Amino acid sequence: MKLIIAYIQPHKLNDVKQTLYKAEVYKMSVTNSLGCGQQKGYHESYRGVGIEVNLLKKVRLEIAVNENFVERTITAIIEGAKTGQIGDGKIFILDLPECIRIRTGERGGEAIG
Amino acid sequence: MKLIIAYIQPHKLNDVKQTLYKAEVYKMSVTNSLGCGQQKGYHESYRGVGIEVNLLKKVRLEIAVNENFVERTITAIIEGAKTGQIGDGKIFILDLPECIRIRTGERGGEAIG
Amino acid sequence: MKLIIAYIQPHKLNDVKQTLYKAEVYKMSVTNSLGCGQQKGYHESYRGVGIEVNLLKKVRLEIAVNENFVERTITAIIEGAKTGQIGDGKIFILDLPECIRIRTGERGGEAIG
Amino acid sequence: METKVIVDTMWVLITAFLVFFMNLGFAAVESGFARAKNCVNIMSKNFVVFAASSLGFLFLGWGLMFGDGTWLVGLKGLFFVGGADNSPAVGEAYKGVYSAISWTGVPLWAKFFFQLVFCGTAATIVSGAVAERIKYIAFIIFTFVMAMFIYPVVGHWVWGGGWLAKMGMFDFAGSTVVHSIGGWAALAGVIMLGPRIGKYDNGHIKAIPGHNLSLATLGTFVLWFGWFGFNPGSTMAADPNAIAHVAVTTNTAAAAAIMSATIVSWLLLGKPDLGMTLNGCLAGLVAITAPCAFVSVGSSLVIGLIAGVLVVLAVMMFDRLRLDDPVGALSVHLVNGVFGTICVGLFAQDKITGTATGNGLFYGGGFKLLGAQLAAVISVAVFVFVAALATWAILKAVIGIRVSREEELRGLDIGEHGNEAYAGFQVFTTE
Amino acid sequence: METKVIVDTMWVLITAFLVFFMNLGFAAVESGFARAKNCVNIMSKNFVVFAASSLGFLFLGWGLMFGDGTWLVGLKGLFFVGGADNSPAVGEAYKGVYSAISWTGVPLWAKFFFQLVFCGTAATIVSGAVAERIKYIAFIIFTFVMAMFIYPVVGHWVWGGGWLAKMGMFDFAGSTVVHSIGGWAALAGVIMLGPRIGKYDNGHIKAIPGHNLSLATLGTFVLWFGWFGFNPGSTMAADPNAIAHVAVTTNTAAAAAIMSATIVSWLLLGKPDLGMTLNGCLAGLVAITAPCAFVSVGSSLVIGLIAGVLVVLAVMMFDRLRLDDPVGALSVHLVNGVFGTICVGLFAQDKITGTATGNGLFYGGGFKLLGAQLAAVISVAVFVFVAALATWAILKAVIGIRVSREEELRGLDIGEHGNEAYAGFQVFTTE
Amino acid sequence: METKVIVDTMWVLITAFLVFFMNLGFAAVESGFARAKNCVNIMSKNFVVFAASSLGFLFLGWGLMFGDGTWLVGLKGLFFVGGADNSPAVGEAYKGVYSAISWTGVPLWAKFFFQLVFCGTAATIVSGAVAERIKYIAFIIFTFVMAMFIYPVVGHWVWGGGWLAKMGMFDFAGSTVVHSIGGWAALAGVIMLGPRIGKYDNGHIKAIPGHNLSLATLGTFVLWFGWFGFNPGSTMAADPNAIAHVAVTTNTAAAAAIMSATIVSWLLLGKPDLGMTLNGCLAGLVAITAPCAFVSVGSSLVIGLIAGVLVVLAVMMFDRLRLDDPVGALSVHLVNGVFGTICVGLFAQDKITGTATGNGLFYGGGFKLLGAQLAAVISVAVFVFVAALATWAILKAVIGIRVSREEELRGLDIGEHGNEAYAGFQVFTTE
């Protein structure tokens, strides 16, 4: 099993959810995050003093999938999130040795979906 | 060492903290998260237009433990979080090759607790 | 590649960003988190009823780096975050088998920076 | 038009506007002291409550309260303020069916409007105590019952020429008529509903912190501000000495209560709890409401100091009694409404601003006035508590008064309204 | 100084202060109904709009509106309220160039200030409808145009002795002069700007929830409160019967509309949407603004009930028409401004508070009054809509009126102001 | 009772209520401009400050300020407003010990209440400047010192018949008496406390954004609203010409200052900073406070324009000087309080609303009036600054005035009060 972590633009979340659904990936966890990447930040100011903001709002997805779902999940994320512009985001893939469903105690590939 | 990630119902956080304490797991990190799982969402509306909310509020725990603590931690989480109803949550377990305590620079199993 | 997760004190974020910059680590993701560690909590009360708060505000960093950057990243985080006091935080290091840049589809070490 | 009618009408209307504005204060205090997930619900309740009161008081409440009738209720001109009336004529010149309020020389609609905003306040008090678990529809129906029956009946006794008025009981601006009524009705609701989930689990009292103390503080400021309409306006005439006197007694009691509540909570709890400071202010204001025109500024200071202590102890007591009142409405309005009513019997000085109340116990008046005040306290307690309990019980049997466990956990905003108060904000409640 | 001048001046100023305070209400309602990322921008717009109106109305607006002139505009004493004037003299005794408003016996600056706060309200209405996408500078310039030209011209027609006044059209406190003007100008803005990104994607209507319904609720309370200045103050004299009557019709219409809007949204949408309840209140208030002094309390109840239904239907209709109005300004001010104006022609009862309006259709007055009202509705619609559309078009051509897509996505707070409204809070908007 | 007494009392009380309401405005502005972690503390300070002022001014402040006495302080009827007094008698008819304020014909308690709300304002100003680091108890004690000594002494000089009044110095509504006093006391506090941690690290000025600009904006609206009590009420009589005139000068200065501050910050900082717009409004209001009844509407426009520029430059200057004032209280109240006081000497036109001030420099009055104004500026500066500095120094030595570093980092809400302002919200402050 793999744990897929993806950082995307906040306003792309809906699109990504849709492409994931089409790829039959229904489960995921979403967190808000601030990202520092290639994308340039912006300038704020407050009462005459400047503030350089280089942590931009991102959405972080965490999706646990069985091996056979990994590629279609990646493809779906890219399809939903890609605009071709800097700031589109990153996907990280980790090995996931174990997964447990709290309700039933099931483990492994069974528990993931 | 393992890194245990658990998604639970927000109102179960206190119970899980208690069962973890009993299992002598004292350290953890907690984040808020939105989850899309088996549990059905709900319907909101705003000024006459409907909104389908299918990202439900969840709490995400991250707990790093030595190998010999893995099973008791899992058991404790399940004990605290389980109600038997859909939405109880998931536990994911990752390998954790290294861990460092910032204050002292200690590494490995020493640093975890 | 490695995925470095670090928990630090919120008011140390700026310092850590600076030491990371000096170490030429420019990319990272930041999340807010609540931590339960060695650091003692504090006492709140509300309308005459006490509340024990033992989840303290922390900042969680997630940094994906190539192998040759791992040690300098750790050193930089420690340099920026360390005060020598309880509560300074922890660093966890995970293996990162794959990384993908959404914009270009690049994979692996290429995609990380 | 006679000048006196003009200035009196201006005074009555402007102070009524200030009292109306207290609805905002209540909405802010109550929602600030509750959790974010129930915020839309509380705002809705506090918003709709004045609309419901307006209609209910117009249809029937006014008539029952001020219509000529028996010692118990008004009987003439019951519906839609429709009785004969030649206001602003006063005294002998007055010809109409609302003679109990013919002492004030303003047009009928000015009288009505001023009395309406008071009725609305009584109904609003209930809202806070039953917050975070009550069904919206049940609350709305209860509000109509308050505005059309419970409030006007007691109002008739005290201000409508009923038996308490005849007995020589005095309640200048409504410690009893507004605040105790609201308080007893709230107590009945709290008992019938039971505590919020998680509040008294495993025998422990758990704090459920309010989501927005800024809002609660602003709300309290607004109430304090509105009270300058509530008390000085209750002269229903721009009598310079009286209104200036009442403004100062009102403010002094509030200030004293703020100080004593802050100090007592500092001593008892180790730190000066903001919630207690705010409740202290309201306690002082409620306590001075009945006696504000009958006591000296010095007495108002003493009354305020005591009220501030009372409210802190009351908040802690109700928690011990497992009576879950999220905003402290019982401690503020009930306890101090009663206390303020009794204070008239203790601190009153005859004709201090003109009204012939006779002296209170501490000023050599003996137990006469105090007796009348106590009669009011007890009779209002019995009547309102029983009437409210019965109403809640019927509502419970017929439509249910409490939301489901699942709905309470997720929040009434989604369950009752399908709305969210703070879209986009990361709000997490872990209980 | 004559007593009547004193009390009238007090009344005019105090009610003007209340109307001024409505600026806060608008700011709160509009920002509460918008997203957090645009909150600084909306607050800025609503704050600066009254400053701009103050200056614009001082420089020219007042003169165009009240200066003696033709049926179309004022021509004398145009600039800086600088014409000859011997207020508070009234009637025959008045010698000056602002004779259309010489019926009220208060000093010139009191007249000016009262009229100014009304002008400011009309300008503010636009703000909400164009929120979350308009350029700050474009809005400021539009505000000057409103305060200096569009508003005063229509104002002259109705209140400045112009052709509608002469025709026997009545608009007591401004359903037409303030609310419809604001509404038509807003409609022109909404059309010229187009909907917010994501609002009507792929043929679906998407809800874009407001970030702070507490704020929106408090704001509505403040507006309701301010309306007690708006309507009763429009007597511009402390006439006891009239002001008491108007206070009650105003409140009754609001209460009725709250109830009907809540019930209708409950039936249509399944749950009582707080946003609809709030808009219902405002709808009732707007609708009663023109007729408040000309109709009975009973009629005000009916008018309110209808207004509450209208506003819910209108909100849904505008969404179907793809006219994106984030706060419901069109449904509230435009639809109900028109409805209220017409209500005068239907429900008016001659001299009910003194003004000789003649009876409306439902009271046997036939179509005379109704005709004049309809003439006003239509002519104001045409003039304001065209003038506003032209203004927006010119602004669009010269400086642009809409922020860039990128700026809209990130929020106008950063783009236009470089500020953030809620620093430290985790606010995420995923559209 | 004479009609004049009635209407004057109504006016004095209603405007006093509005001034009281400014406490809400200050609380909202100050907490909005600070961080969420200190919000409970600021709300507590701003809430308790009026209670403390009420008690302090009642016990002693009033007597020191208005009691008959020397050129320096009052000496008669010192405690508890207890001196002989036959208000509302005026002029010759007045027999009592508070003769300096016997020119206004209202009851004693009305005088007291009006003066009290002004005293409370002066004390509140300090709160914002010392925010986010001061110990709660130290602030409370300082408030008592302000209300019982510092404020009444200067007040006696200017409004209590003291030496500045005798010299022919004029301060209509308190640019000096209220705002400069508050400002100088705040400056002393800022110096004694030092800047917040992280504000001027490594020689850089760091922005510490306020947590809630909605709140700050609403607060500013409330202050603007309250100022219509502050300035027009300072007539302490319902004089139609004066009050209407003052309402318009007040509003015009505010509007002009909003515009100039917005434009200047747009030019200097690249974008129209909302904080600057809000501070601009307050700056204009403070600056017009002294001259509002003595200058023309045209002059008020000029004064406002200058004030708006001044405040932006002052905010930037204080930051350069490393004087950390989280809310801009120094720039608003101190700088513009001084500026407004001087404006009287420059723009005054003799008897423009009745008061015989003589003409200012720009109207051919030469340096006479200006000299008196400057004498006031300097003497008040010296006295208040020294007295406040000494008070802060003693407090520092005895109980400490600043919270610990650890407490400051975690927030004063937890440290001082054990409360949290926004329970459930994810609020993270990374400094």
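Of note:
In order of appearance the chains are A, B, C, D, E and F, and numbering begins at 1 in each one.
Assume a residue touches a chain if its C-beta (ideal position, glycine included) is under 8 Å from a C-beta of that chain, and two chains touch if they have at least 3 such contacts.
As the structure is a prediction and not an experimental result, all values here were calculated from the model.
Considering every other chain in turn, the ones in contact with both subunit B and subunit D prove to be C, E. With each centre defined as the average position of its C-alpha atoms, the distance from subunit B to subunit E rounds to 52 Å. Annotation: 33 Å between the Cα-based centres of subunit E and subunit F. The residues of subunit A that reach two or more other chains are 31-32, 44-46, 94-95, listed in rising order.
Residues of subunit D in contact with at least two other chains: 3, 7, 10, 14, 209-210, 212, 269-271, 273, 275, 418-420, 422-423, 425-426, 428-429.
Chain pairs that touch, as defined above: A-B, A-C, A-E, A-F, B-C, B-D, B-E, C-D, C-F, D-E, D-F, E-F. In the complex of the two chains, the subunit D residues touching subunit F come out as 3, 7, 10-11, 14, 18, 35-37, 209-214, 217-218, 220-222, 224-225, 228-229, 232, 238-241, 243-245, 247-248, 251-252, 254-256, 258-259, 262, 269-275, 277-278, 281, 297-298, 301, 422, 425-429. Against subunit F, in their complex, subunit C makes its touches with residues 10-11, 13-14, 32, 42-46, 57, 59. Considering their complex, residues 205-210, 265, 268-271, 273, 275-276, 279, 312, 315-316, 319, 328 of subunit D touch subunit C. By the touch rule above, subunit F contacts subunit C in their complex via residues 198, 409-410, 414, 418-420, 423, 426, 428-431.
Taken in their complex, subunit C has these residues touching subunit D: 44-51.
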